Structure formats: structure tokens, C-alpha cells
């Protein structure tokens, strides 16, 4: 079973040299801590920055320099700043190679719901709908089940959608799954110590298991 | 009868303090020489400059600094440079107060033809179609008749159009005319020494003459 | 060409009840602090505000909410704000939630003279309800209309009497887009500099889009999520 | 993130016959001189060039015309060029004339992920033939599609290994727009500077749009219409 950092570490293996990556709030943000050595990745923050650096040292916070989660950050040599329209322009144009974000539900055809729970105060979709509608490659980082113990991997989302047929891969505390173009969650890897049976039990949508499912190896 | 500089001088009276103005090639360019005292006007060059200054002194030409006519120019304090899309964006958004350009023909409903003569080598419309489709106020500066002695003020243009129903005012060597919303060239002023009869003779489109037509006074 | 006005009160002098305002900034970053204060002081009511966020309880647009001056918010993300939630639940406040990129692009569209744009954001979701869907090259897009506002309020780092603006770091965000979308655009700047001091190549918003500019004062520049790393 | 390549020949190595190229510049101002020379040397044929102009007889795209490498020009204004006229009249060369603002915006649209845009330019003229006309707020607009090119060639003043670009004065023109419209974008720069030297706030084209960058050489920067005023 993976903790949040484990999920982040697992996703970080997907990063390729030269990638431009947009990281959502929560677990996705942690991916930045596990970028493999020798791999150069540029982080895009959709409020208008390419080349997001680490948090500033205390006392060096700049109120004019924040990320999309409104956290104080830093730039790096080679950073570029731009307005919000160009930021989503480059996202829509498919220039961002990988988007990693959280979800409340994912359906077996790749639909994602992560912005609204009917009956609860709705804060808004922020940039999530733009990102999922545009990114070439979307990986969801989330817990396999919700707090009530119900599967978040469903035949069909029950919550209002953020995007349709867009999720390519899902990493949870239990496993890594690929969403197949024809539908279904194809099990790729098990988290350390997690059995296929446990994954089956926690997955309500169509789970596709072909051959032996290897346990992942995280360095 | 006005010469080219006279036409430019006459049009310059239309300039108001604070105006952003786009000047076409030819007579319109001369308008910049007659901006009334106390009137501040900012010239827009559609290749991407606000605040176009005069030609450079010899030896100070900068190949990176040209106007839409590809002439070497200068900037002024307060100039701003931008790309071609933003340049036409501000034109389309109606931020340019006045556009002055030449024409081969103007029709009595304000259509303009100034880019193409069938059978002759066509160089292109450049930015003219964008300008005439977008500007709030378009003044045409041209000769009243063509080289063959035929009127350029017509019931209907015979040449391929640049824009439809867009010309507001026309200044020729003979007179100043307004294009009425309901159609027709309303005669506003005669050039010095030009009679109404001469203007009538040179105008093929519907000329509207109401009351006494004053002779213009140019300082 | 002198667009300089004395101060924020003078800047908002003709804002009327029930008008639509664009307000720049992302979270509390790059918001027109002085103009917001002046709008509170002026007490205009029934405002529709187009702004990515709605401030916090006691800062940013939260100040206008506190005084019940806002009728409707058009935003992508709201609610770091208890008063906002109260007004929303009680029905005093309307909220239109719009994807962030759509919001940015609709503001930009006005400044580019484009009456509408196509975006894939929201296709197949409740955002698409009632909207025209059109397929280009096998992908569906929504038709979304340009935004225009009676007034746009933006905050820049530097500006001059012509209205030319330069923004600093990520406080740029929505500001240049909204500067282009106002029928009247009002810029407050940290540094009002003499004409000629700004490099023409470095101007983010050409002055043609700006109608009034003033030297702001007492910038608080509050930080919403202060995050730091330990010194090693 | 190192996008630096050795030179122009290396930059154009995989350009194929019959591909579509965007070529930045307005007249001879801001054209990618080195890349054009390398394309001449490589001898690729049947090119479709999207470029505001077509150069002069012995410079700019005129060089590619001279060697009969261009099949089609997509431009707003052409013909300061005898060889161009000859090829056009003989039917060797196709030309699509497009309003300048439409051309610029169609290039930009690709970089903004917008499949099409609306513009009033050309409504009621022969440019509108066969195009969809749509009325917004009482005004007619044409639907025009985004341009994409196999390669975009741009010329910047400064650039770094990440592909970030800064343009100088009006040599900016179409360059940033075409930089966004290339499937592969190749930038040549007068000054290739170390990463970190460019101010993030002053970058005109963020590196994400640029795939290859090289230090250009021997810039001629020819002036098409030298105009001066007398010293008094």
C-alpha cells in the first residue's frame, strides 16, 4: 500500500526528459519532489508561469509570485511569466505534455469528476476543466476509495463531470491502472504488499486483469 | 483645388486630442505633417507600433524599426511595440479612433475598393480589409477622378470590394463629402476656387447638396 | 496624451449601481487594492464582478461582499470566504462559475475584437448546457462569447501617462486581459514613471487599452498561502 | 532542457518536400535569414509558405522563389518581386491572399488551441466567398480556421537554451505568432544568452513553443524602404 508520497513517487516514473508538466493541488504537487535524476522537467503553473521553482526560504516570500494553489513559490533560471490567456492557450494547444491531478471519481471510459458535490458549497472548477479538456496525457492521483469506503473507480461517474473520456492513467494507494480506449481499467501494477483480490474488491468499474500483475518497484 | 498636401491638411482638421490614428500609405501619411497645435495624436502602425515618430535622421535608420509601408521610422517617448495579432486586435476592438486611407473607388453607400484591379497583377490587401471592417471612423483621401478622367465616386463600385458600408467621409482635391447612413455623398465643403458645378460634374454617385456649400478655410 | 488622474476616488467617480466590472488578480495576487477600497467608500451597489476569485473575508473583493455591494460574481473559483458562502446560500448573491481558461480567453476576446471563441473546456459537463457545441477536426468545442465590462480595474507594477503598463511576475495573471476588456479601463500602478522611461519592447499592455491611470498607495499585497522551505 | 542546435543546416535537416512552413517577418524586417539560406541550400521543393510577404528578388523568401522551391504562398501582400510576378502569371506559383489581421490571428489561434476565430475582415468581399458568415450583436463576421505548419521559422533578438525569446522593436511582427503555430518551431537569434539571463517578465515567446534554437550569423538586415529626414 502506498502513502501519498508513494503515489507521487510512482507517478514520477512517468516523467520524461524535456516534459512540460502541470501539477494539480494535493498529491500531484508532491510529484515535484521525486523527479528522477537526469530528467529535466519544466513545471507549468496555470496562473502564468513556466519553470516553477521550490517554495521560497522564510523571509523571501514574494506576494507577486505564487502558484495556482496561491502558495508562495520561486522562479528558476529560464522561467517565463505570461498572462492567464496565454497560459491556457498553451494548455489548449497541447504544449503541456502531462497533467497530473486529483479526482473524486473516475469512470471506466476515462470521465473524471473532481469539482462539485451536489448539496455542498461549490467552490468552482478553477482551471481543471480546461486542463482535462486539453492535455494530451492525464494521470489521476487519488485514493482508491472515498471516506465512506466506496470505490472511486466506477462504471459511470455519479458526480457532475469535470471532463469526458480524458483520463489515461490512474495511480492510487493500491495500484496503477490504464484507462483503455475501448473502456475499462487495465491493471498494470500492484502497490507493494497489495493483492489483486484487494484491488478487485475496491474497484466498482470494469477491471481488466491480463496475466500476472507485477508488484511495482520504487527506488 | 487642393494638392496632396492640401488634402492632408484638410483631413488633419478631423483630428481630436487623444485620438489613436492609423494612416494608410500615400496622401494619408502626409496628414502627420499637419496635426494642429495643442492636439496630441498617437499614430498606430499596423505592423505593431503605437506612437510612430518621424523618419530617422540619415545614418540613424534601424532595420528593425519600420512602419506598415516598410519605411524606416522612429519611436517616440511612450511608444509601445506589439505583435501583429494584438495590433489587429486593437483595430478590431475599435480602439483606433480614426483610419485614413486611399481608395480607387467609393460607392454612395460607403463601400470601398482599393486593392485589386482585375487583369492586373494583384499585390494583396495587406491590412486594408481588417482596417475598413473594424475602424469606427474611416476617412478616404483620394483624387476625385481616375487617370482616365472617370469619377471614383460611384453609385456602386465596379472593382472588387475591400469593405462594405464603412466609409464615413471622403476628401478629394475638389471637396469634402460625408457618406450618409441612408446612402449618398453629402457635400460639406468646396476646395478653394472649386464650384459646386465642377464637383457635380466629377461625381457619378448620388451627390446631395443642401443649401449653400461653403468654401473650406485652411489655415 | 495624459491619462493620469489624482487618486482612486477620482478613478471610480462615475461607476454606477448595477454595472459590470472586471477586476484583475489571481487570489489576492495583483488585485487593484486601491480601486476596491474606493468602490467600498463610494458605496455603489448591485455590481456584477468578473474576477477569477472573490477575495477573502476582509480583503480583496471580500470587502465589497462584506458591504453587500455585489449582486453577481463571474469567477472560476470562489469561497475562501465565509461571508461569500453565507450570501450565496441565502440567495443574496448569484454566482456564475466558469472554467479559468474560458474566463481568461473571454476577457481577451473582447480586447481582440473577437465576438466569440471556441474552447473544449466543459464539453460534456454541466458547463455545456445550453451552449453551442461544434466539432473541428474530430474534437468538440463550446462556443463562448466575449466578455465586456463597463469598467475594468487592473493593477500594474509600472505605468506611464499614456497608460502603458508593465506587470511584475505572476501578478500579471488576468490583468492584461481585463485591461483589454473594459469600456473604461482604470489602472493603478505601484510606480507611475515619466513617459519615455518604459522600454517600448517590454510593455505588456499598450496604453491604447487604458483610459485612466493613477499612482496607487499603501499596498498591502497580502499573501494567501504563505509556504516556505527550511533553510538547510 | 537544452534546445540549442549547432546551426541553420542542422535546424532544417528534416524539412521535407511539400511541407507547410510559417516564416516570420514583415517585409524584410525580422525574417529568419539564416534558416531561409539553409532551406535554399537544402533544396527542398514544393513548399507552402505562410508569410506576410514574399521577400524581394534577391533576399528573403525571394531566394526560395528564385530556386523554384515554393509551390504556394499564403500572404497578405506580395509582389515587390519580379520573379514572383513571373511565376504567378505563368501558373508555376499559387497565391492565397489573406487580410493581414486574419493571417496574424489565424497563426495565433493555433498557438492558443483555438480551432477557428471570427473576424469582420473581408465580409462582403471576394475573401468571404465560400466562408461561413455569422452575425454577432448586429455585425457580420467570417469564420476563419487556425493555421498550423509543419515547421515555423522565426527570428528573435535574444533567446536561451529553453527556447525563450525576446524580439526587438517592430521586428517582432508575426514572429511570436508563428512561433506558436509550428508543429516544430525553429528560432534563430542574434544573441543566444545563458539560461537565467533573460528576465522572466520580459519574455515574448515562452520556450514551451520553441523546439530548436540556434545562434544566427552574418545578419544582413536589409532595409526595403530607406526613408530619412534631413538634419536641420
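Here the chain labels run A, B, C and D in written order, and each chain numbers its own residues starting at 1.
Note that in this section contacts are C-beta pairs under 8 Å (C-beta built on N, C-alpha and C of every residue); 3 or more make two chains touch, one makes a residue touch a chain.
What you see is a predicted model; the values in this text were computed from it and never measured.
Q: Would you mind checking the shortest number of contact hops between chain A and chain C?
A: 1
Q: How many hops, at fewest, get you from chain A to chain D via touching chains?
A: 1
Q: Which one of the chains is farthest from chain B, going by Cα centres?
A: Chain A.
Q: B-D versus B-C: which has more C-beta pairs touching?
A: Counting C-beta pairs in contact, B-D comes out ahead.
Q: If you average the Cα atoms of chain B and of chain C to get two centres, how far apart are those centres in Å?
A: Each chain reduced to its C-alpha mean, chain B and chain C end up 36 Å apart.
Q: Indicate the whole-number Å distance between the mean C-alpha point of chain C and the mean C-alpha point of chain D.
A: 33
Q: In whole angstrom, how far does the Cα centroid of chain B sit from the Cα centroid of chain D?
A: 29
Q: Report the inter-centroid distance (CA atoms only) between chain A and chain B in whole Å.
A: Taking the average C-alpha coordinate of chain A and of chain B, the gap between them is 56 Å.
Q: Two or more other chains in contact with one residue: find those residues in chain B.
A: 49, 75, 81-82, 85, 88-89, 91-92, 134
Q: I need the residues of chain D touching at least two other chains; which ones are they?
A: 105, 112-114, 119-120, 168-169, 172, 200-201
Q: Once you've mapped the touching chain pairs, tell me: line, ring, star, complete or other?
A: other
Q: Which chains are in touch, pair by pair?
A: Touching chain pairs, listed by label, are A-C, A-D, B-C, B-D, C-D.
Q: So in the complex, the part of chain C that touches chain B is made up of which residues?
A: Touching chain B: residues 1, 110-114, 160-162, 164, 180, 195-196, 198, 200-201, 203, 206-209 of chain C.
Q: Within their complex, state which residues of chain C touch chain D.
A: 105, 112-120, 136-137, 139, 141, 145, 166-169, 172, 200-202
Q: Give every residue of chain A touching chain D within the complex, in rising order.
A: Result: residues 18, 20, 40, 42, 44, 49-51, 75, 77-82, 85-86, 88-96, 134 of chain A touch chain D.
Q: Which bits of chain C are touching chain A when the two form their complex?
A: The contact residues of chain C facing chain A are 26-30, 52, 75-80, 85, 88-89, 97, 99-105, 107-108, 119-127, 157, 168-177, 204, 221-231.
Q: Flag every residue of chain B that touches chain D in the complex, lowest number first.
A: Residues in contact with chain D: 45-49, 54-58, 60-67, 69-73, 75, 81-85, 87-89, 91-92, 111, 121-130, 133-134, 160-165.
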